[in-house]
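Look for subunit A in each of the two complexes below; its partner is subunit B in the first and subunit C in the second.
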Partner chain A sequence: MRSTTGNTLGPAARGPAEVPAGAHRLAPADLPALASGATLLGSGGGGDVGVPARLLRHALAAGPVPLVAAPALPDDALVVHVGHVGAPDVLAERLVAAEDFVRAVRAVESAVGRRADAVGIIEIGGLNALIPALAATGLGLPVVDGDLMGRALPRVDQLTLAVDGHQATPFAVVDPAGDTVLVTSCAPRAVEPLVRANLAAMGGAAALALHPVTARVLRASGIPGTLTACLRLGETYLAARSAPPAEFAARIGARLLSAARIDEIQPRRGATTGSVTLHDHATGAVVRVDLLDELLAVTVDGETVAATPEIIVAVDPVEHTPVRSDQLRTGRTVLLLRLPALHQWPREAARLVGPAAYGLALAPGAGFRAAGQETPQNPGAPQNPGAPQDPGTPRSPAAPQDPWAPGERGRT
Partner chain B sequence: MRGSARIRVADLLTDPLLDGAVTLAGHGGLERPVTDVSRYTATGREPGAAGQGTAGPAAGGEADAAGEPEPPGVEGHLLVCDDTQVTPPHRLDALVRGAQEAGAAALLVAAGRTRPLLSGMRLADRLGIPLLWLERAEPATLLFELGVRIRAHELTRARTVLALVRQLTAKKTGRDILAAAERILAVPLSLVTSDGTPILGEPVTVPPGLRLDLPVPQSAAHLLVHPVHDQEGNRAAAWLAITLERADADRTETLGVALAVAEPFVRSWLTGQRARAGRDAVFQTGLLAEIMAARDTVSRDVVENALSLGWRLQDWHAGIHLTMENSRAREDRDSVLGQHRDGLARHGVHTVAVVDRGDGWALWTSGELEPRPEEARQLLRALRVVITGLPRSWGLVAGIGRARLGPGGLAETLTEARDAASLARSHAFRPAVEHADELGVARLLATWQRSEVTRAFAETALAPLRDREHAHLLDTLRTFLESGGSAVATAQTLGVHRNTVGARVRQIRERLGVDLDDPSQRLALQMACRALDAHS
Partner chain C sequence: MLKLGIDVGGTNTDAVLIRDSTEGAVLGVTKAPTTADVTGGIVAALRDLRETTGFEPGDIAAVMIGTTHFINALVEGGSLAQTAAIRFGLPATRALPPLVDWPQRLRTAIGGHSFLCHGGHEYDGTEIGPFDEFEFRTVLDKAVQAGATSFAVSSVFSPVNAEFENRAAEIIAEQLPGAPVSLSHEIGRMGLLGRENATIVNAALRDLADHVTTGLTRTVAEAGIGAPVFLSQNDGTLMDIDYARRYPVATFASGPTNSMRGAAFLSRTPSCAVVDVGGTTTDVGILRNGFPREASTDVSVAGVQTNFRMPDVLSIGIGGGSHVAQGADGITVGPESVGYRLTERALVFGGGQLTATDIAVAAGRADIGSAGVIGNSTRVAHLDPSLVEGALARIGARMAETVDRMRISAEPVPVVAVGGGSILVPDDLPGASEVIRPEHFAVANAIGAAIAQAGGEVDRVFSVSPQQREAVLDEARQEAVDRAVAAGARPGTVEIVDIEEVPLAYLPGNATRVRAKAVGELSLGGDRDA
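After this line comes the complex of A and B, so read on.
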């Protein structure tokens, strides 16, 4: 565990980060792949990406958003992370606007005392994979290629920065009416309840800006390259979706866990997980999926074969369209897939992102570093081919293994 | 202690310990032998301990669940877990799998109000391991008691005996004794006769293999019987019977011992019942004797005593007198009279009482309304059917009196019944039944008319009128006597003038030389006329 460094942001004001020539720019053409990849990484939750994708298409028409890798930023460049918090359903009734996120970032900037240099992504699964790009168009800033979850997770404290002891404050919650709550100081365990409490007053959903950090901190604690990974996963998915199930799974680097019909759904009750019982016709196996918003674990014949933070995806058996947890219905047949986690969490994080975090008495899935493993293996995080490599960066993958890189898919 | 594999999961389910347990799934494994019982301890490694994460995502994904295979030693065991182990309910899956992999016989969940998920039940079905769900139970107690039940059944037996002795000592009636024993043994218990007819409890079908003529404990499939000895001890007065769905050898043995323990209590009650019945009989005999003596002038005490026995003296009564010539059958008085009364009851004839009158037993029916004539015939028919159905060797003889009103009527009808029984006894066949109605004048006369004495007298006395030319005089005499000596009625019957009748009567007097005003002469001549008719 890294020592808590507190807010070490300097007072110097900077302009937007210098974007290296040749860096990837997010253009409208990237949106289908981005949306598909984000949906898969949503692990059955993360909200519907449809609305943000449309908003982003409009916003990108004015010009693409540059992507920048954290190592490519100056050490003291300020990155503010943004995301949409609250019930995803609210988004279907009340549009978000880039201005909400701009206002939230501005509020954080005012508390820090300097302007942001880039926008950071909180979670790469679901609609929040797209929101920072939307915010970036409003701010005129680049988006950092990376995130703090490596997937979708339900709480705003399930972040690598939080695990490493970094403060989320100052953070700002802004609703579409412009109401702004700025929290300048807050214990780590109070972040989530404070945000939720404000959401209740703000109609259930709001724009959030938090974790203003320097690029140096982000290089050490962020998950690099996940936006590119998300794009590549989306591209691979779109190319492979018409293939037969086994081939489809292999091409997107997933393991096909089961093809099963839903026989019973015990819905979640508040924070208590729900369970879905499925019947695998091919093997006769009894399959259980535990879920909240996200699909948290798959248990086949009493043996857990996938568990958070691994990414579990249910897709339609023919179209291979991802099925969100709220779209599961009794009688429906789904393919259950397991995608590797994009991030190897430290073992201490098991209580934060492992099954125990949801009250599940299951062993955590892969996605945790083994005890004593100094250098985290990060098989899910591909190298950013466009980003200059800093050999001394501890977060740099020691054994790059990109499941979605062409020619390197052969996971067994 | 022993680890016998004689007990199966299904056997335990019939045990009182698991009363209320439901087999949710895995019915296919109910015949698995159970060698022991132990608490389900998920002793497995800390979730995700060493070995995870190093092998890469594919291998690392095969995460063990919380219910890893049990350490060796629970093979064949009934595993017991409490509700905390199945909360949240998804944990059941891992428990089921762990239990099966460890070779456990079954999984018993003392669940509180937790409900299982479908997946857990499906998995138990798939793996064929019985999943037993018990809502109300204290796991620790359950574990201990089941351990005793499986490993040390001698202790179970000793406790059962102790509980029986404690409970049965305080019970007064046979019904209470049986109910208490049923509660302790958790099986239906009946007290039956040797043909399975219930004295207490449900009827029992006696399989052909059982020898209920031998007073020893016996068992057959689904049935366990134990004789209740009579006071002499050499024959069974009744049988205690347990009907079983299924039971392993240990439980059968325990139940057999339990029956032996319960038998003296039941016997004592039965004997008491008989003694009380004997005292009642003496009282009833005395009371009936008073009624017979006092008739309609019975005292208030007698009426009250009668009422206390359920005798409604003011009603209409029809008496029955029953005798038994076979002395051996007399010893079985209760059985014979009981069967007799029951038989009558099946025909809708409900007798008020059976009172010993020395030479037989008096029975009677009572009713508020005067019985219709056909009811007397029904009574006779019913009695004949019932008595014919009883063994001929008992030598049963019965008589029925006519329906009479009030206490005096009761005395009369019983007297008539006794007379009818006397007549029936004169028949050569058994069983024999007679009704007082059929002992009427006509019958009496017919007896006389058929006698040789009467016939000889008729031939002599009526000889002067028997030639053909006096046939009209004989006709007139017969009609005149049958009409009660009325000349008018005779004239109407014969279609002649009444002066003609008068003239003919005068001629008859002259020819026979008798005084027709003398009742004795008239009776003798009337008998003679009828005797001639009977023989002509």
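After this line comes the complex of A and C, so read on.
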């Protein structure tokens, strides 16, 4: 399976996509908002954005990275998705470089036989919200404003493209030494185990490029506008973070589920979920949070009030700093919040991204709240595809000619 | 048993004499101006303490010193050594070389010598690449030629495997006998950049540490005191003077830690909220069992990001010198302040600015506690009672809100009010079970130093399979206890005060980060081997 690059580029190679004038360009000044928004969308996981944010700040100093909406790309434009896979703790020691992602994209390009026109985001939650922009600086390409998860999720097959039956291959994993593995074909169920098996030989973390798709496919199966939504959420958060808890939650469009002190922590073991038991000061309720890498479900006095794929965030009660699942400590008080989803996963995806995907037996339908049930709407988020469009909030630069108008998408 | 606690602050040097840490009788306190050479203030303070208490130098069992001297030196960028920052990690880590995000001024102050070598380890302890001795010796030559005199060595995953850092230290010792070497695995925890930065800061302070520790030892000896000298560390435990000479960075957070621990000790309330009201700000911290709660986020010191564990402190812009104004939106207090010019600018001292202190005096608060009468109360007699009442209510509400945000449970907590502006803390602070105003609070830092114990900490990645979990945790506990004993604790008294395990995400082999902390009574008077 180990391969050297060397395939010839196909005749369809077209170089960087043309970016419409007036499109947002990601600049160093966007980083605080991008990092904050990404951390919130990490739902307690997704890794520390610190190192990628530093790398990106240096990389963007040489020039901004344009954002492009999928509909603004020609139908046959090639988008290659990139992300960091493996342990965030390894990233914090061994770091990464834009070059690693460039190598991974080049490997995929060599198998496809043509050059990429834009870089796609796999995961808008956690550090992977920043990695594609870093890759884009190295490749000289724009980044597509959208992603394939609408949040952070732990596995590389929990993607809208996978739900819609698109092949992840050819995909490539690359470690900092430049060791490159190119997988040219594999069954959908083998993607995750193959990536993990290679990670073990690569020191536990690697750069990944997968799902080379045309812009036409991405328009039908991607989640639009999530990078802009992430930036807006981050901006709103930074402006609201010093407000009292209830006002803070309202301003970022979240529901405050509980303010509670951590009494007991049952750590996760491998793929077996862990849990945290908390005591709510104000109500006396017993609160349970199930977790793996992300916070998976919040149950208050036996009633599940939030569950994956809904976005659950724990924040510090003082400065409202998000607390990742690995930072929870006995004796700490946290505010538990539910953020509106950036993507309405279809109910058929429950076995992939719902509580059952993690072996949690919760009430049927937990995590799959009907669109519109959530109020108030997240001011930073684009409207859910099935939700009524609020004329007052343009969702993305591409909104007017957006082909996925309500009802046309067939995945509610 | 008598102990001397000394706090060398930027302005004042405080000294206290206490009898035994557990009973905690405070026998004497004094303050002297800090001198540029650090030791002058200590000489004056000890002389004064001896005159007022009549202690015999030979009766002193230990001298504990807390100082902000090293952190101030970094902030000011003075007295720093020319430092070489050498990292093992290539081909990984090349995108962010050592010193990359340092403020230019500090980078220049230490010479800006940054080097990368091949090697380091993976999370499981295997090598990223072999140790290239030729490469390292070449780098070392370059560093020396560039003028570096102190060496900071970091290596990827050195908390898992320190081999490369140790080999580098051996080569430096052989090439440059006596040159100070700081190794990242001995200083910081997981997270390369934060650990490396702490190591570089430590290396840059080594010359100063040599100078200061020598001065401290000599000063104490010249006062006729033969007892061992210890320095306060960030976490409120002690290190002996030789350890401090090698790890000056470990003193960085000792100021706020000592202040809070001292306040809790004076009020005999080991679990409490400490409200420290200064001239410009009010700092609120939380203690559990006598130790400050740690901040969860990384801290940046003088613009350098480190991963030290610092006490969790929340500050609001209200202090004794805060401006008080009646505006269109009601009464405002702070954040503008007359600061240290309180005694010139406040109304009660004949100045023209209405301050929070004037309000407290007008309300008759200045007579309470140990604060004594402040200024001239006739100068504020004209103030509108509704303004006085409104301003006090505003101050009380802000303080109550801050305590409320910091406390960890719904139950009211005891609040210990300290600092020059503590008269602003109302007796009936909402959320407080009681407000305690301890005696001697002005020297809480020195008290905090005097009562400190010896501690040891382990923070490493272990491979924890479910069957071996207890064995691994025991191993970590034992290592923490051993370190506490090595730091000067009496073996029989050492206790584990904190242990936590965090499984690392997405790693095979059950890699788990375990942190254990042990604390014990200082071994004094030759009982170390007991």
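To be clear about the criterion, the second predicted complex is superposed on the first by the 352 of 412 C-alpha atoms of A that agree within 3 Å, B and C clash if a C-alpha of one lies under 4 Å from a C-alpha of the other, contacts with A are read in each partner's own complex, and residues count from 1 in each chain.
Definition applied: a residue touches a chain if its C-beta (ideal position, glycine included) is under 8 Å from a C-beta of that chain, and two chains touch if they have at least 3 such contacts.
These numbers come from a predicted model, not from an experiment.
Peer 1: Regarding the shared-chain residue A:Leu56, is it in contact with subunit B (first), subunit C (second), both, or neither?
Peer 2: The answer is neither, since A:Leu56 touches no partner chain.
Peer 1: Is A:Gly45 contacted by the first partner subunit B, the second partner subunit C, both or neither?
Peer 2: Second partner only, subunit C.
Peer 1: Contacts for A:Phe368 in the overlay, against subunit B (first) and subunit C (second): which applies, first, second, both or neither?
Peer 2: A:Phe368: touches subunit B, not subunit C.
Peer 1: So in the superposed three-chain picture, is A:Ala349 touching just subunit B, just subunit C, both, or none of them (first/second/both/neither)?
Peer 2: neither
Peer 1: Looking at A:Gly178 after the superposition, I want to know if it touches subunit B, subunit C, both of them or none. Which is it: first, second, both, neither?
Peer 2: Second partner only.
Peer 1: One more residue to check, A:Glu310. First (subunit B), second (subunit C), both or neither?
Peer 2: A:Glu310 contacts subunit B only, not subunit C.
Peer 1: Scan A:Ser275 for contacts with subunit B and subunit C and give back first, second, both or neither.
Peer 2: First partner only.
Peer 1: Going by the contact rule set out at the top, does A:Asp263 touch subunit B (first), subunit C (second), both, or neither?
Peer 2: In the superposed model, A:Asp263 contacts subunit B only, not subunit C.
Peer 1: Inside the complex, what are the residues of subunit A that reach subunit C?
Peer 2: Residue positions touching the partner: 45, 47, 50-51, 54-55, 58, 85-90, 92-99, 154, 176-178, 199-200, 203-205, 261, 267-270, 281-282, 293, 316-319, 321, 323, 326-327, 329, 331-333.
Peer 1: For a test of understanding, state which residues of subunit A touch subunit B in their complex under the given definition.
Peer 2: Checking each residue of subunit A against subunit B gives 255, 263-264, 266, 272-273, 275, 277, 279, 284-288, 290, 299, 301-307, 310, 338, 340-341, 344, 347, 350, 354-356, 359-371, 373, 379-380, 411-412.
Peer 1: Give every residue of subunit C touching subunit A within the complex, in rising order.
Peer 2: Those residues of subunit C that touch subunit A are 89, 91-96, 100-101, 120, 122-124, 128-129, 156-157, 190-193, 288, 293, 296-298, 314, 405-406, 408-410, 466, 500-508, 510, 512-513.
Peer 1: Which of the residues in subunit B come into contact with subunit A in the complex?
Peer 2: Its residues touching subunit A are 47-48, 50, 52-54, 56-58, 60-67, 88-91, 93-94, 96-98, 100, 117-119, 122-123, 126-127.
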